[in-house]
Every structure is written in C-alpha cells, then in structure tokens.
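Each chain gets a letter, A, B, C and D, in the order it is written, and its residues are counted from 1.
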Amino acid sequence: MRRLRMGMVGGGQGAFIGAVHRMAAALDGQFEFVAGALSSTPDKARSSGLALGLSEHRSYPSWQAMLEGELRLPADERIDLVSIVTPNHLHYPVAHAFASAGFHVVCDKPLVHTSEQAQNLISVVQQTGVVFGVTYNYTGYPMVREARERIRRGDLGEIRKVIVEYNQGWLASQLEATGHKQADWRTDPERSGIAGAVGDIGSHAENLVSTVTGLELEAICADLTTFVPGRALDDDASMLLRFTNGARGLLWCSQIEIGAENDLRLRVFGTRGSLSWRQEDPDTLELQQEGEPRQLLRRGNAYLSASAQAATRLPAGHPEAFIEAFANVYRGVAETVLARLENRTPDPLIADFPTLADGARGVHFIEKAVESGQTSQKWTPARWLPPA
Amino acid sequence: MRRLRMGMVGGGQGAFIGAVHRMAAALDGQFEFVAGALSSTPDKARSSGLALGLSEHRSYPSWQAMLEGELRLPADERIDLVSIVTPNHLHYPVAHAFASAGFHVVCDKPLVHTSEQAQNLISVVQQTGVVFGVTYNYTGYPMVREARERIRRGDLGEIRKVIVEYNQGWLASQLEATGHKQADWRTDPERSGIAGAVGDIGSHAENLVSTVTGLELEAICADLTTFVPGRALDDDASMLLRFTNGARGLLWCSQIEIGAENDLRLRVFGTRGSLSWRQEDPDTLELQQEGEPRQLLRRGNAYLSASAQAATRLPAGHPEAFIEAFANVYRGVAETVLARLENRTPDPLIADFPTLADGARGVHFIEKAVESGQTSQKWTPARWLPPA
Amino acid sequence: MRRLRMGMVGGGQGAFIGAVHRMAAALDGQFEFVAGALSSTPDKARSSGLALGLSEHRSYPSWQAMLEGELRLPADERIDLVSIVTPNHLHYPVAHAFASAGFHVVCDKPLVHTSEQAQNLISVVQQTGVVFGVTYNYTGYPMVREARERIRRGDLGEIRKVIVEYNQGWLASQLEATGHKQADWRTDPERSGIAGAVGDIGSHAENLVSTVTGLELEAICADLTTFVPGRALDDDASMLLRFTNGARGLLWCSQIEIGAENDLRLRVFGTRGSLSWRQEDPDTLELQQEGEPRQLLRRGNAYLSASAQAATRLPAGHPEAFIEAFANVYRGVAETVLARLENRTPDPLIADFPTLADGARGVHFIEKAVESGQTSQKWTPARWLPPA
Amino acid sequence: MRRLRMGMVGGGQGAFIGAVHRMAAALDGQFEFVAGALSSTPDKARSSGLALGLSEHRSYPSWQAMLEGELRLPADERIDLVSIVTPNHLHYPVAHAFASAGFHVVCDKPLVHTSEQAQNLISVVQQTGVVFGVTYNYTGYPMVREARERIRRGDLGEIRKVIVEYNQGWLASQLEATGHKQADWRTDPERSGIAGAVGDIGSHAENLVSTVTGLELEAICADLTTFVPGRALDDDASMLLRFTNGARGLLWCSQIEIGAENDLRLRVFGTRGSLSWRQEDPDTLELQQEGEPRQLLRRGNAYLSASAQAATRLPAGHPEAFIEAFANVYRGVAETVLARLENRTPDPLIADFPTLADGARGVHFIEKAVESGQTSQKWTPARWLPPA
C-alpha cells in the first residue's frame, strides 16, 4: 500500500475544521500530509505549515503558489489530493483550479455559493475525471449507514414522514463581535454566502435526509429568522417539506438554541416502521417495527448490515465518534483513488462518500430555502435535477 | 371537609377517558361518584352505572334524564359537578345544559366544535357563575408548572423559539375499520369535528405552549395531511408558528408515527436560557442557563417553586405520572368549589387548572390550523382575543 | 360489586406512607375508607380521622379501641380489612390482633422485627384464614411482572447473575436530629428494628429479586456501615450473594448516596439473555437476547404478557407510576377478598400480590444480612425455608 | 516539532488492540510508525509489517530481532519508543529488554503477571530513566479528568462510597473454543496470567477508581466465578472494598453479562455531593451537589477544568470517544519525551498519563482479588505500597 500525498488549503492556526480534516486523514494511515497553504495571510500560512511539520518549501504562502509549486514537482512527489478547508467563498476558486489541474479534491461544505458554480465544477470534474469528495461527514457514521440500508431493504415500508433537526446554541449572542474567528466568517455574507444557519448546518440536515431516505424534495415552505441584532444572515430557520413520493417533513436548524451543542437528529416514519438517530449519541440507532418492541441497534454488532460494519473500526461498546465518521469520508476517497492507482475496482462498502452531486444538491437546497424565506407563497418548488 | 358529589356523562364500558376521569377524581378522596349517564345507548348507560356501583335510580339512561333527575333531588343530595367525557360533539349540548342549570362542569377537550359554541358557553358561565374546568391535563404535571414559573420569573430571558411536538402512532393504519371504539369516533367528522390529529392532540400542544410560555400566537402556516387511505380527517399536521412578541415556533402532531406512544414534548429557548420537557418522562425538567451545565430539575425536590411543589403528592424518586397530573385538574376544581362552599378564598397554588378560556382558545387554534391547511398563502393570522 | 370497608392504623398527619395507601386503595374505587386509628397519640388520631372525613365514632383514639369498636358493629358495617401503616414495631401487635379477630390485613414492610414474630403471624393466619397482603409495592409494577414472566418462560435461560441496587440519599446527613418524622423512627432501633437501610429498602431489593427470578438465596456476605455520626443503625450496606442454583449476585442499599432519590434497579443475566429495570423509569423493561438488538419493552403494548397487561390501567405512553403499582397490591387483595364474598375463584392475574410468606422471607433476609455484617467469616448461610 | 519514531511489538493481522494503538498514535501526528515485530510468528510478523507500510528491513520477524536491529541503526533513525501490544505474558520480557536498552515504552495492561516482575521493571526504569506509559486508556477521557479535578477541589466533600462496574458479555459462551483469537489468549492462564475478567477489565476498574478518587484500598472481599464450562479463569467477579479513609466500595467485572458491550461505569459519593460517569457515554459527567439540581457536565464547555479542556480536541457536541481518549495517553507520553528532547518542562496538563506505578498497583490488585477469591476469610488486606 502506498500512502496518498495530501495538501491542504486553509486550516491554519485557530481554525477548527482543518484540524479535524488532518486527524480524519491521519487515522487510518492512508495519507501523508506533505503540503499546505494554510491561511490566506502568507506569513501565517507559512508558519502554520512549519508548526505542523511541513517542509520549508511546501509551506506555501498561498493556494496559487501551492498549485504552481506542486505542478512543478515530479509526479511521484506531487500531492495526489487537496483538502479544501477554507471559509466557503474560497471553495469554488480553489476546487476549480486544483480539479482542473488534475488533482483529486476533498472539499468542505457547503460546496460553493451558487448552483452555477456547482455546475461549473461538475463540468470540470467530468472533463478531468478527478475524484471529488464533499465532507458531509455525518453520513459517515456507521449507524447512519445502517439507517440507509434498513430503508433500502424496506424495513420501514413506504416513507411517510421525516423530521430532521439541527440544534446549536453557540451563536445565541453576537459572538462575531468578540473577534471569534469561526463566528466571524460564518455570519459574513461575503464569505459565508446567502445563508447563515441554513448553509452551515441546514445543509447537513438536507444531506442526511437525502442520503438516508433517498427521497426527493418537491417543495419547501421556510421561515428564516435573524434573532441576534446586528447580524446579516439567518441564525434560525424552520421549514415544512414535501417530497415527490407524497411524504411530508419538518426541517429546522438553529444556532440560537441555548444549551444545544451540535444536536443533529433524524426521525423517519414509514408505513411499517420507523427509525431515529441522534448525532450526539451516534453509536445507537433506534428501530421500530409496527407492533414490536423498540430495538436499539448498536454499532459493532454482527446483526448489522455489511455497510455499517464496513464503516466501523472498534468492537461494540468502545465508542466511535465524530472523527471516525469524518475519517470514513477520507477512507472512501482513498479507496477510490487507490483503486485507480492499483487498477482495480474499488470496494463499494468502503468507497462510500458524499460526492459532487451531494454538494450541488446542497447548494440548490440553500438557494430554495432562502427563496422560500422571502416569499409569501406557501410552497416554493425545490426539486433538484441531477446534472446530465 | 365534605366530599363533592360528582356525576358523569359518557365513560361507559369500553371507554378510555371516562375511567381516567374517575381515577383522577378518586385519588384525593374529594369526590364521591354518585350519578351517571355513561353511554348514549340507554341500556349500556344503565348497566355501566350499576357495574360501577351507582345506585339504580342514579344510573340514568341519558344525560337529559340525569339533568332532570338530579334537579329533582334535594340540594344536599344533588350532584355538585358533572364530568363530560363523551365524544366531542356532545360536549357542547351537555355542558350548555348543565352549566345553565347551575352545575359545575369538568369537560374534556377539545371544548366544542366551533368558536361560536365556545362563546355561547362563556356567556352561560358568565351568567350562572359555575366553575368550569377543561381537562388539558398535561399542564397539571408539576414539572410543567415549574417550567411556567421559571419562564415567568425570567430565567430564560425573552422567548425566541418554541418547539412543541405531539407524536403518536396508533392510527398508522385504518384502525377505525376494525371497530376500535376510540379510533372510530376520532376519525369521524360528525363526532370529532373539523380536525383529526389537530383537534385530538395538536390542541394539547397549543395549550401546553400557551400555558407555559404565556406567548400569544400571531400567525400559523400549517400543512395537514391524511396519510391513511379512507380516512376523512387529518392524521398528521406540521406547522410553523409566529408569536406576537416576535418569537418563532414549530408545532406538529401526528398519529401515524409508528413507535411513538404518547410523546408530547416541549422545548423553549430564550435569550438567556432554555428548557425542555417530555410527557413520557414527566418528573424531569431540563433547564439550561447560558454558559452553565445543563440542570435536571426533578419533581419532589425542595429547590422547586411553590407551584410545582403544590402539585406533588410523593417524595422525589417515587414517580408520579398521568393520573396524578390529571387529578391536579380535579383538585383545582374541587378547591375552587369548596372555597365557595366554605366562603373562603381558594388557595391559588391549588386552584390552578385550565379554564373555559383555555378551551375557547383551543377551539380557535383548531379552526385556524385547518384554515391554514387549506390555503396557499403562507401565513394565516391566528391571534386569539379573549372574550370580553 | 360491593366496596370493601377499610380501616387504617397509623398514617395520620405528617405521615407519608399512610397517604399512599389511601390513594392506592381509592384509585380503583374498590375500597371505602371508614375507620381509623391514625396515630399513637389519641388526640392526633382523632383529629386526623376527622380531617380525612371519617365519622366521629370511627375516628378511634387507638388501634385497640378500633379493634374493639369495629367488633361491636354489625357485620355489614364492620371493616373488612385493616391497613397497617405504622412504624415497624407496631406491625406485629396490630397485625396479630386484627388477624386473630378475623379481619383481612394489608401490612407495610418490613413485616415484623423477628422471624419468630413472623412465624406467629403465619400460625394465626393459618388458623383464621384471613387474607394478608404485604406492601412490597415495587413488584406491583407491570414491567416487573413482565420481567418475572420472561424469566419463567425461559427467555433468559438459566440465571447466572443478579445485580440489585437501591440507592437513596435522603439520610446523607443527620436528618433525624432536625425532627424529621420519617427519619426519626427509621433510625431508631426501638421502632425500626435491628436494621436501618437494610430493613427499610434492602428488604424491597430482596423481594424484587426473589419475585422476579424465583431464585433462592444460599449465602450472604455483607458489609453494613453507618456513615452518619450519631446514628445507631446502618445507613448503607453492600452484599455479595450466592443462590442455590449457583447464580451469583450483588445487592446494595444506601441512604447516603447524595443525589439518589429512590433509585431501585434490577439486572438479571442468564445463559441466553438478560433484562434490566429501573423503578424511576418504571414503564420500560430492557430485554436482551444473545446476538440480537436490545429491546425496550414498554407498558401498555399488546406484545406483553397477560400478567403485565392485567396490571395496567392506561394505554402505552400515558405513564403509570408509583401509586398505580401500589394500587395493584390493593387490587390483588380486593380481588381475593371479593372472590370469597362472591364464592368464586379469584382471577390469578389480578390476585397477584406479596403475601405473608414474602413478609417472613424478608425478615429472615434482614436477620441474615445483619448477622453477616457482624462476622469475619465470608459467607453466612441465608437459605430460607418456607413455613410448613 | 519533530515526530517521534515508534516501533510496535504485537498487533499484527487479526489483533484488535494493536490497531487501536496505531490509530491513537497517529491521531495527533506526533508519531511516525517505522518499525515492528507484529506477531510471534515470524512470517506473519513480516507480512503484517509490510501490509502496514513498514519498510522491508524494519518489518522484523521477532521482537529480539527488532531490538537488535534498531540498536544497530544511527540514533537519528532508531525508534524513540516501543509500543507493546502483545498478549500479557510477553509484556514483561519485551518491556524489560527495551527499557533496559534505553527505549521509551508504552505497554498495554495489565502490566505484567506478578508484583515481582513489576518491581523489576520499576528498578530498570529507575536506572535507565526511560519514559514508561501504561494504557489504562479510560482515564484519558476528558470527563474522567473532570471527575478527578472535582474531587480534588473538594466538590464532593469526604468520599464515603464508590461503585465501579465493568460489564461485558462477549464471553458468555465458550468463544475460545471457536478459534476466536481475542478470547483464546485471554482465557489461557499461560498467556493471560492468574486472572481472567479481573485482569482484563477489573484492573481498568481499579485504575479508574484510584485515579479519580485518589483513595487507597485497604481490604478486598471477592467472589470470583467461572460460569462457562471448560474455562480455566474467572469470567465474573464481585468485590466489596474498604478504603483506608473509611470509605466503602463495590467493584465488579463480568464478561458473561449478555447484552453488556463495554460498560464501564463509576459512581462516587461524598459528604457533600456525588458524581457518575459511564464509558459508553463518555462526553457527559453527572454531578450532584447536595440539595441542588443534578448537573450534566459536557465535554468541550468553558465551565470545565483546565485538565478536562486540555484533554479535548473538538467543540462540545462533536462527540469524542475511545480512540481520542486512548490518544491522550500517547500524547502525554509524547509531551514528556519531547520535553526532554527540547530540554523543557513538560506541560503538566498534557503530560498526564498512567505510569509504571499505576501498572504495578494494578498487578497488586489482581493478586489480592484472586487471593481473596480463594479464602473463606471475609477481608483480605489489599493495601499497596508504592515502590521506594
């Protein structure tokens, strides 16, 4: 097995998600972190790289320098893949540039600011054929995969109702006014995009529903609110959903719910059963078949699907959590890339990660939610057509 | 202390809620059950009464006969109060007749079918001055009272967001087609009224929010659905809420969520804290003050408010539940009636029960929810003006 | 149906458990509370009776006066049954006197102070044939009955291990020095007996294990401790258990565990499965079959045993709790007495309550636990032989 | 920052804990895995090493060859540290040899088979001065550190009672007869030592109590059982504990509790409060101060101690789990080694890991538990005197 060489854009000192990406990539020993442009401030970019053990000449002052520098290296030294962990507004130019140059990409979410940008990226990737993963990390949890498999195999019957909620409280006051880095860019339309909570976490909720249920949105009725004075973007949103199969749903996301930490939950109800999952207790999936006792399915047990078992590293009762789920995205990308290098078919149980299509659908969802929030018409059509 | 003499309309063999009312009234030994018209079928009415130990001549064949018969008795034998536990469509005529005749009333919810009927009842009660309680029993829980007190004293700051949900699954298939008595009348517009789940349980959710938060609804955006083929009324409803103070909310109620039993939950978020309560675990109230650890407030402890303590019968850890909360409605009515008999001021901590105004507001909520469900306009004004 | 006439000894103003007995007896409308000697202080006895609505002449100043007075009444007015809810030391003389006189008895636990007294009571009851129930109320919970049925039908295989715990914290400081009535007599050897926590709550734990598993104790190894200075009796005890079938166990009870309210829990492990139940969440029974997902069995569902269903009053999700379980003891006694009056066989699903044998076995357990606590030998034989 | 070079003994194909050590060491990017003798079968050792990306010449066929080979390398290529992840019987010879040769050591638990071996290791380490960590990984959890800090600062008052339990069920049948590698050596006295469950998991329970409370054991009363026929070592053990300060305790560990996964729990009760923690829900610590509501302390919040915060990598609500806690042991060792290399004082908040003394005390505990299990005397003295 050869290790894949990874570069990173963003994720320097003080960043949160960059460190998560590095831990996720490190966990299984499949990646070697060799290059980075870790900040948009050249000095900080370089010092962050050195502090993380990058060599002098691959601690680049900017992503443009990194792209150029890496292309100049021999193929067997050059990075295989770039991780993009910047604020949202940089996802598009960086992803476009690296994917165009033939580098594989892992990009944080939401993918880009507009559906047009998403379509452009899709075109680039269709041309260059690079592998492109989007870190909708919550679908990397083994019990989320179990949920998806249970629905696919019909345990719930036809889906009637979906309730998805993403509760946070960390932006209940004007944290961005205190110089808090994470709060700062997320509440700034220039860097965050047209949405606040909807883009930052609502988009995870959409991805979770879509991945687990396979349902397609037909229409949205949204109420977006900015509760904290002085803030430009929504910090709370509630939506009614209609799906193309007739199912109904509720989706909400909030960053002003004091006491909520990172409380993403999903409930799905069908004609024969239901299931429930909660991110803060990720190793358990509650399953209910009509007329039977509620079951607690637990990660690491032999009664689970092959998909859930393949996403697991530890025996039952030895809890796995956020980083391990995140690492499953990286492991899926690695498997896909390695299979190409080794000229084999990837293992579909491992090569299971959110793709550019997930990213594009997420952008479309954000646009429709914002559009609905601005109209007095109840239902805003929200069907997404996958790119040809 | 003298025991109050209670009569009952409805609640014969096979009924559910009548038995609950009898246990609730019996618990504290304040009521003596002496008369009844327990079914709309005269034979069944009489046999049910006898089986429950009523005397021959006070096991009435109909509520009209009971009204007449009781009025003929001397004042010191006649019932003090009537409990109305029939299907919804009979609430109005029975309550109107007994209240007009000067009997105190405890009536199940939803109060009546229309706001006009509600207004008529209010007029009657204003004239005769009888005590009138409505069994929105969930607000009888001690920890619901604690929630109300915490909000009143400002622990949460200004309320921003309310999430209330009432999840049931017992009507996920067409139970009414099997001769199930409870399912039968609840799904029949003649007896249930214009709404199904919205009236049966959504109305409890409305009462819980209103009682605990004191907020007033401004507008509703509802999506009502009938999932089970052959059913006439909604069995699922989801709503976005706006309150007059600017708060936002989500309310849903469903009777098709397989696995859900009687899962009523409330979450309230303010500018300084939040709280969360769940009916299926009623002795616990979760409270969160910003920046502090989450607190689990537990019934029966000395740190609780006088209101919560007054609603409690057992020490902490000796769980109280549904019947005890229900009994608090009866105890509140009893305290009010007894205070009149004894010519004293009722203890406000005990005489704390849902009134005719709660009942009328509930009817208004049902009407507005149904109206919203039928329009393509996003927001339906839903402000309720208390009767003059 | 005729109501049974009930008298009560003990349970006057300030008492806790007397009020519980009254609510439990009232719940199903099978008892009429007509006589009492509610305190050992004559004045308080009479005033307590009057406050509870007893008539002047049946508010007796002492239990002796009550015995005498009731015997003087005509048979169709006389009480059917006496409830004994005094401090422990009075259980024996009162129960002995009333049972000898032919009255049915419900007696609180622990039954009496010594095995000799227990044997004497058994002899009396064998002679007079009265019905005698002991309020080991926790086995009245529907899900405890379900646990017992599951083990009886072999779902767990052969039992290997039992863990039973009874955690309380209310005596963590010297509450008895503050005049607290409940703490006062429970910590006084004259009134409480040879044991403190072991008698008050450990004895419930023994009853729960014995009832649910049917196992017989072979030997005990106990460590009894008095943590609070100035206290005469144990306030904490931990024990290793061995059962005659080779199973092992742990039992502890404590009244100094700050934060514990009334936390009685049972876990049973067999060769094929296990179960777990917790009194503070009484409507749920966790069941595990080897290799399968954990199941949450919930009161009120059709998949439960007839025994559990017969012990239930409300549909699933409408929680039942302490008083309802307590009421099941009274309902079982009532069914047994009524069957005699009506000359029929009692319904075994209803006539299911802790008997004098349970009471006697509990006393034996307390004696052996105290004996073990005083010896340096590891195992104290603890087998109990039921009376001939 | 330079990365530390790590070698590993044990942990080849099919092993469980070796992979955990590698993930834990990889997480923070402080270690480079460069050498290994991954199996006691030379061929398997080499193939395992190559499969994990080790170079041909550092995939050693045996630990002796690895020791020799590494010593022959120049100091700046040679491993800094060896991780010992073999079955128990090899811990001693390998640790002794590498520590004697001046390599730092991370060794799995239980440390060695006898207290004599432990003392010998202590002497070696005293002579060579190497850093020696023992992977009692559960004390690496942030909320375990919080528990320790709360007790140190006196929040609980004087400790009175400790309940520690380690429930597993994976050995409820004779898994070792099926060729299951983990079950095989753990149930074999030659490789596992004198104890089964007591050594494998009871020893973790001892370490957790000792680390969190700082209490010293005075005496043990143990009941060790082998439930599964054909097994040589205990698979279940229950113990009463006495501590030198007068506190009492219960400790049990079992591998036959069907349904239990890896359920390690700790409860500590003092004169002023109590706390409770559960490994399967590691991000929460329950804290109770007398007379106040129960608090749920959650990892990642600003109200926690510096010690807990230093052990954390993610914000609250982004769950951390087993690997992250395990990684804290590695990070602590790395900090200590790096501080030496950099000639600075290690950060005490980071350099916080179980040491050789913890390992030696654990061995002593196992010996005393087994001794107690074999005697009919109630109390076996169990005080451990730290090495001079």
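Convention: contacts are C-beta pairs under 8 Å (C-beta built on N, C-alpha and C of every residue); 3 or more make two chains touch, one makes a residue touch a chain.
Here is each chain with its UniProt name: A, B, C, D = Oxidoreductase.
Bear in mind that the values here come from a model prediction, so they are computed numbers and not experimental data.
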Practice task
Taking A-B as the reference interface, identify its repeat among C-D, B-C or A-D, namely the pair sharing over half of the contact pairs by residue number.
Solution key: C-D
Handout entry: Most distant chain from chain C (Oxidoreductase), judged by the mean position of its C-alpha atoms
Key = A
Exercise for the section: Express in whole angstrom the distance between the two chain centres, defined as the mean CA positions of chain B (Oxidoreductase) and chain C (Oxidoreductase). Expected result: 35
Completion exercise
Expressed in whole Å, how far the mean CA point of chain C (Oxidoreductase) lies from that of chain D (Oxidoreductase) is 44
Exercise for the section: Calculate how many whole Å lie between the centre of chain B (Oxidoreductase) and the centre of chain D (Oxidoreductase), each centre taken as the average of the chain's C-alpha atoms. Expected result: 56
Handout entry: Per-residue multi-chain contacts in chain A (Oxidoreductase), two or more chains
Key = 260, 294, 298
Practice task
Sort out for me which residues of chain B (Oxidoreductase) touch chain A (Oxidoreductase) in the complex.
Solution key: 160-161, 163, 169, 172-173, 221, 223, 225, 227, 236, 238-240, 242, 248-250, 252, 254, 256-260, 267, 269-274, 276, 286, 288-290, 294, 375-379
Fill in the blank from the handout: In the complex, the residues of chain A (Oxidoreductase) that touch chain C (Oxidoreductase) are 287, 291-298, 301-303
Practice task
Provide the residue numbers of chain D (Oxidoreductase) that touch chain A (Oxidoreductase) in the complex, in ascending order.
Solution key: 1-3, 16, 19-20, 22-23, 26-29, 33, 51-53, 168, 170, 260-263, 279-283, 298, 300, 313-324
